[in-house]
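Heads up, the next two complexes both have subunit A, just with different partners, subunit B and then subunit C.
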Partner chain A sequence: MIALRARARARIAPERSQYAAAGLLWALAAALVVFLALPLAAILGKALSGDDGHFAGLAQFVAIAGGERFWSAVSNSLAVSVTTTLIVLPLAYVFAAALTRTRMPAKPLFRALALIPLLAPSLLPGIALVYLFGNQGVLKGWFPDGSIYGFSGIVIAEVFFTFPHALMILVTALSVADARLYEAATALGAGRIRRFLTVTLPAARYGLISSALVVFTLVIVDFGAPKVIGGQYNVLAVEAYKQVIGQQNFPKGAVIGVLLLLPAVLGFVIDHLLQKRQRALLTARAQPLVVKPNVWVDGLGVLACTLIGAAMLLILGTAVAAAFIKLWPYNLTPTLAHFDFDNMDGGGWAAFFNSVKLALATALFGTLTVFGGAYLAEKTPVAPVARQLVRMLAILPMAVPGLVLGLGYIFFFNDPANPLHFLYGSMTVLVLCSIAHFYTTANLTATTALKQLDAEFEAVAASLKVPFWTTLWRVTLPVCLPAMLDIARFYFVSAMCTVSAVIFLYTPDTVLASVAVLNMDDAGDTAAAAAMATLIVAVSALVCLVFSLTAWWLGRKTQAWRTR
Partner chain B sequence: MKLVNRLAFGLACVFAGSAFADTTLTVYTALEADQLKAYQQKFEEENPGIKIKWVRDSTGIITAKLLAEKANPQADVVMGVAASSLLVLEKEGMLQAYAPKGVDKLSKAYVDSANPPAWVGMDVWGATICFNTVEAAKLGLKKPESWHDLTRPEYKGKIVMPNPASSGTGYFDVSAWLKVFGEKDGWTYMDKLHDNIAQYTHSGSKPCKQAAAGEFPVGISFEYRAAKLKEGGAPIDLVFPKEGLGWDVEATAIMKGTRNADAAKKLADWSASRSANELYEKNFAIVAMPGVAKPNAHIPGNYEQLLIKQDLKWSATNRDKILAEWTKRYDAKSEPKK
Partner chain C sequence: MNRDWQQTSGTVADALRIERVAKRFGAFTALDGVSLSVKKGEFLCLLGPSGCGKTTLLRIIAGLEAASDGALFMTAGESERNVTRLPASQRDYGIVFQSYALFPNLTVAQNIAYGLKGRREDKALRVTELLALIGLPGAGSKYPAQLSGGQQQRIALARALATSPSLLLLDEPLSALDARVREHLRREIKALQQKLGVTTIMVTHDQEEALTMADRVVVMNHGVVEQIGTPEDIYARPASRFVAGFVGQSNWLAATSAGVGQVLLGDALLGATVTPPRPDGHPLELFIRPEDVQLHANWSPAEAQVANTALAHVRKIELLGGFYRIALSVPGWGSQPLLADVSRGEFERLNLSPERLVPVSLPANRLRAFVPAGAASAGATA
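And then the complex of A and B:
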């Protein structure tokens, strides 16, 4: 407080700090409108207009619904999404239960293994599956006659890709439990299975529904995996890509984009309603569940986690190995030739460095924007309208698939009448799109961290006439540093791996590594695609490591108060 | 004040610099990525002050992109794009006719017949089947000799070919079958072939790369990629089906309304020059300038005679119709093959 009071004499009128806060909040609200709401409005407008650009109502929807091709894509998309969800949920549940409800050893190791897919674009499992189960695959007998291309391949790749997302939700859901319920059930003579059905499952049901929705949405809007391993099995997301990139048929692409928005928005609404009810579930009198060691249960946990973790490693390992083999399966000499990206389609090494640049810029500016926005929205009493607007827009990206956002960006920024048209095709627009695309998760992290801080700090600062930035700099930032590092790491890795939004926005100068993976695979350079995907994983992993070390080191310097 | 002066001087330098900066030509192309570098290097070396910025994709996609940008063209020059596609652009009035220096030294067959020509050919690329001998031996597959051989039941699920909507190679395969077999029999042939096709790929190179890797033993592709992969040690044979090979001309044209007309003409001139043709020759058996091409170990000497007689104008006029029919028949069937 002495420090704050010293600053108070720094001759800055508190009104000025309030004005500044309000100004910043309005600026952020305006940015979110321009880079999120307006592109989405643009895609809706496009979907409602005819080929000549005039308003045509639902004509495009009617036209597209008349084709046999469209309905087969719809049913294929639903089939892979439902199947993947049905496979991922039990697997992720078992894994989450092993992590939270057993005393098995090596939990951090298993957790790390399970999170591997987060470091890779969804194209990587597709490529790995070609080498594992394709006609020349190591295990080709499992899927004879190239049957991996299509439904099976897409489902396996999507299971890999969505597993950590389901896992994280279920771990959260299972890590809170009321021990009293279990005691009561045991006292009433309920066996293990009965206890699971009457206590554990009902408590975890919101987590299960929520992860089912997340997995379903991720699969139905993903086109990376089906593009690589889908063969002739057409799904909606690939259809949208083909219409826009292949045929340059923008209205049709917009229509499919809007349709893909439906399941995402629906899932988002359901999830939101459920979360409201979830809060009432845990009462203040709940007793934390203490898990006792049990050789059988712990052993089963290790077994299940080992199997799932091994499958993750197998897929990643296959892609990495493919990157270093000269000509599979005829010439197994190790080589670096597939890293000679400059003589291949896809954009060369420039694509890789562009991706690193994009990821760094997104991490830096994304973290600053998100954290600043969350701070102003949570901790300052100014500009109530702007604050509500920011809060509302901040949750919107969760319901918007990258593909839809990317299309919206084309329609909005490529319009010559738009004063921001000059941004189109620049690296800046890719950074802005990535920040917007992953805004919700980052914002939730920031808000949660800020909520842990007592509002008293601001109240005292205000009464001492200290401007908000002093409190922010001296109190809030040091306390929230771990959360900020989390946000930066999340932004970096997401920007490194994303394909869906940026595929519509890159130019020859701003081509990205994940896009290069797709293009090299399209051109038949599968090994080179594997090499680029390997690089993406390597950089993501390295950055995660650096962030963890930084967090640990900074934690020792700034978070000592937590242990006291 | 000193600082202000220094800043002003710096700014002046920046502006002066940009006034003398290189002209950058935006060139849309469907050339293979491994060819672009050599062409760019040679051109920029011979034409200092002009830089090329490539926008590369498959023929169908580049064509669609150019058509979509008709109102506000982004490209200055189109280079290494199928003549059958450039003819579509010409019909839309998007090309600037120009007779490059020395165009009279090129084979008439590979240059637009109008005067001045709307497009000028660089080289010819034509159909070739890549046949993986190692996998064929394992599977007991006989080497095909004709297009009709490919419809035999033994090849079921063993053949890959490019999607004609995205790939120029795929399109000349389809248009050649329609030309050689006749419209009706051509589609009947493709119906039968479709039953044997495992995948339609995005690019014309991928089928041969997949054949080279043994992923699918038979890949319908083109001779440059095939010869290149065989040279690299892939266990493939090049098959030139006896009914005749579809082909197209890779050509250069200037976009109407380009803001860099002079530089664009320089590139068009270069693309018709001997030094450019000597580079094309490294990749292709037939180039626009007679007498430049040298024999390639993997491509027969009479390659030019194997090409079918074909009318590129017909290919261009019917492009939309043929692709719509093809897409309806084969692309909509998205069920995985049993």
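And then the complex of A and C:
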């Protein structure tokens, strides 16, 4: 009691403007609890309850562990995830090394090529593979007897899907290098291989581990690719989907969801611990490495990047081509017939416009929420409990696969006893779920941008008796504008492509483009699915272009201070 | 000396009074009951090594940190008010941080006008006035990144002064600049402060900065005030072993106390200022500045009569630019190393060389005795 009172006395009365900040912080903390923590609690609760809805402890886990079907799904999931990781990592490493450690030409082009998969849902590579190596595929000889449907198909699709994620981490890891270490190694007589083993690899090892964890997690929780190209090859993510959507067996779906949460959380924790050590690795006195031109190395870089980039383009190009071709591979006349979505099952053009609506709303409200939250958590001294809560909840979505979040949303919002039940099935819940799903990455971008601002801006403003929102409007927002555009673009593209969380939440009125791809493919309209996937890529690419131009234009108008 | 009298007269109102302010971070005590008062129009320096609590004290004065205990009073107009729990925006001060914290996307003029209210023309007028005051007329349309560090620093100063606050706080304002600019800005800031008569508190770890700029210096260590005084007080009459060691160059000689105003150094009895008095045989450390050590050209009967004089071996002679630093050892005083600074003219007159013996005296009024650092905790406060 005494200690409490002493602490209360030792506080400075908040400025009036700060009451507003405290209110907003608590509102955000509450929103994150309701739209993130509680759905996750709901999935745990559901996993621990029996078929009758009462608490049953681990009975569901025991029941599911008895099934042979479950164990084959587990081993299939692990096999696919490990194989994909083992293939993606060397490829992404070579690509990243070529981008950062050679003087090869056309780096921006290669970089853009490698990031293409980010613009597409994970269903797209699956569809492309059907056209390339499937029963009617042009190259079906490469995978005879439909062997593309299953393990190999899933792995190739996942390699395409996860490549840019691994690449981005490795590029970051490889772009920081201490030239002094290389000079020291060379002076001590170390050759190329020894330098690679003793200098390059140790510096990049955290990046390698981190990207391996990301790839593994992405693959094990993804169900887009296995749904399309997996055939009879059953994996955990698809199993969860089938249990919930197909058989309405919610507890069983919840149990698989909880199990899928495990590798994600584990990877997240390992990554977090490693990042702490990574920071200590780089010293402020490091000299940047200047790469010298080398015909052989640069040539090899171009060759490797061309091969990988060509494979990316082949997959994307196949899907796009299939969308415009009458009947692959028999009748190659161009047609727009596959875009006549309204005469097909899956949701029609409404699905496409719903997706655009969802993406716009997510980009707008997501950016505002994330940036506002990061700002309040970083830059205001009020409501320490709420600030801590916001920070903790903000990193949670990184460890939660979309599939799990989606399941949590059904369990939570579909409960008639929930006062928020009215949200179920609405566009609003899709927007909220998408904002929550991609919160961590967006929040990281915002926090990084905010941390680059002098910590004393707010103190100076207070001494000049200027309320915090004036500084926010006149200084913080203009300086962080590029980061905000980045967040908005990220939210738009992610909301456009996502399948995993929203697949459980859409209704006939709110069906989305990515869901339509899945449904049309299910119904056998593969060409229409390809057409819709193509549209998604086109819109994502267009929006990226628009954002880049906006950023460039705004940069010229408002960022003049950055040039000396 | 004049200043001393002014301070004790108490006719000048205190702009800021700090009463037993303490700050604890968990188990760590950053400030342990600091009390001091700042006169109106005074330039006060908080000086101390890093981690001594000086910045914490400044942040408490600024309202950026809450005091765990104690109280702060600021005088606004005629009345004094308790500001201990008031937020920063209600305290009326301007602040310049080490990083300057200039808003990068605003022009110099917009930065300076940031805290100004009222009509646009009035603001523009005030900005022009301030730019002229800091000697950067016409820089208003530039962005901070286009200015040098010293210029940025002055803009930050102008921004802090724009609203004519009753108190100016400077948090190591010069430490990010190179030596030459720093020296120049020292004089500029001091001149500006005197011209405007604004009460100023500056935090610094640079003793030279504190001694040249401040009217009074507060030397801090481990969260307590070691001494408050004019630069002359601090330099010539350090109140504690810490202050003596932290500020300026010094000789330290191990001795023991021997009667009132006397110490035993080696085999010799020397007159010294021993405050507070110690029982005989108590270990002491003698302190004297190298420039206070006197060397004599020859050992005449007159010199032999001067108290605290003995013959010294010259061990080493170093030229440090404007003066020579002579390393000596006095066999009669236990052969402890002793440094003496002599001007170039004096050096020529003394005709010193390493082989020679030279008479050296330690003036009793400059020779101060302190309790050794290890025994200080037990003795110093008693």
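Here, the second predicted complex is superposed on the first by the 550 of 564 C-alpha atoms of A that agree within 3 Å, B and C clash if a C-alpha of one lies under 4 Å from a C-alpha of the other, contacts with A are read in each partner's own complex, and residues count from 1 in each chain.
As a working rule, a residue touches a chain if its C-beta (ideal position, glycine included) is under 8 Å from a C-beta of that chain, and two chains touch if they have at least 3 such contacts.
Model, not experiment: these values are computed from the prediction.
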Q: Sticking to the clash and touch definitions up top, decide whether subunit B and subunit C on subunit A clash or fit.
A: fit
Q) Looking at the overlay, what does A:Val475 touch: subunit B (first), subunit C (second), both, or neither? A) second
**Q.** Which partner, subunit B or subunit C, touches more subunit A residues
**A.** B
Q.
After the superposition on A, what does A:Ala462 contact: first (subunit B), second (subunit C), both or neither?
A. second
Q. Which angle, in steps of 10°, is spanned at subunit A by subunit B and subunit C when each chain is reduced to its C-alpha centre?
A. 160
Q: State whether A:Val295 touches subunit B only (first), subunit C only (second), both chains, or neither.
A: neither
Q. Given the touch rule stated above, what does A:Pro329 touch, subunit B (first), subunit C (second), both, or neither?
A. first
Q. Closest pair of CA atoms, one in subunit B and one in subunit C, after superposing: how far apart in Å?
A. 35
(Q) List the residues on subunit A that touch subunit C in their complex, please. (A) 6, 10-15, 18, 454, 456-457, 459-467, 474-475, 478-479, 558-562, 564
Q: Spell out the residues on subunit C that touch subunit A in their complex, using ranges where they run on.
A: 62-64, 66-69, 85-91, 93-95, 97, 99, 101, 103-106, 114-115, 143-146, 159-160, 162-163, 165, 169
**Q.** Contacting residues of subunit A [partner subunit B, same complex]
**A.** 67-69, 72-73, 76, 130, 134-136, 145-147, 149-151, 231-234, 245-248, 250, 327-331, 342-346, 416, 507-509, 522-526
Q.
Considering only the defined contacts, which subunit B positions touch subunit A in the complex?
A. 32-34, 37, 53-56, 58, 60-61, 64-65, 67-68, 72, 134, 157, 165-166, 198-203, 205-210, 212-216, 232-235, 331-337
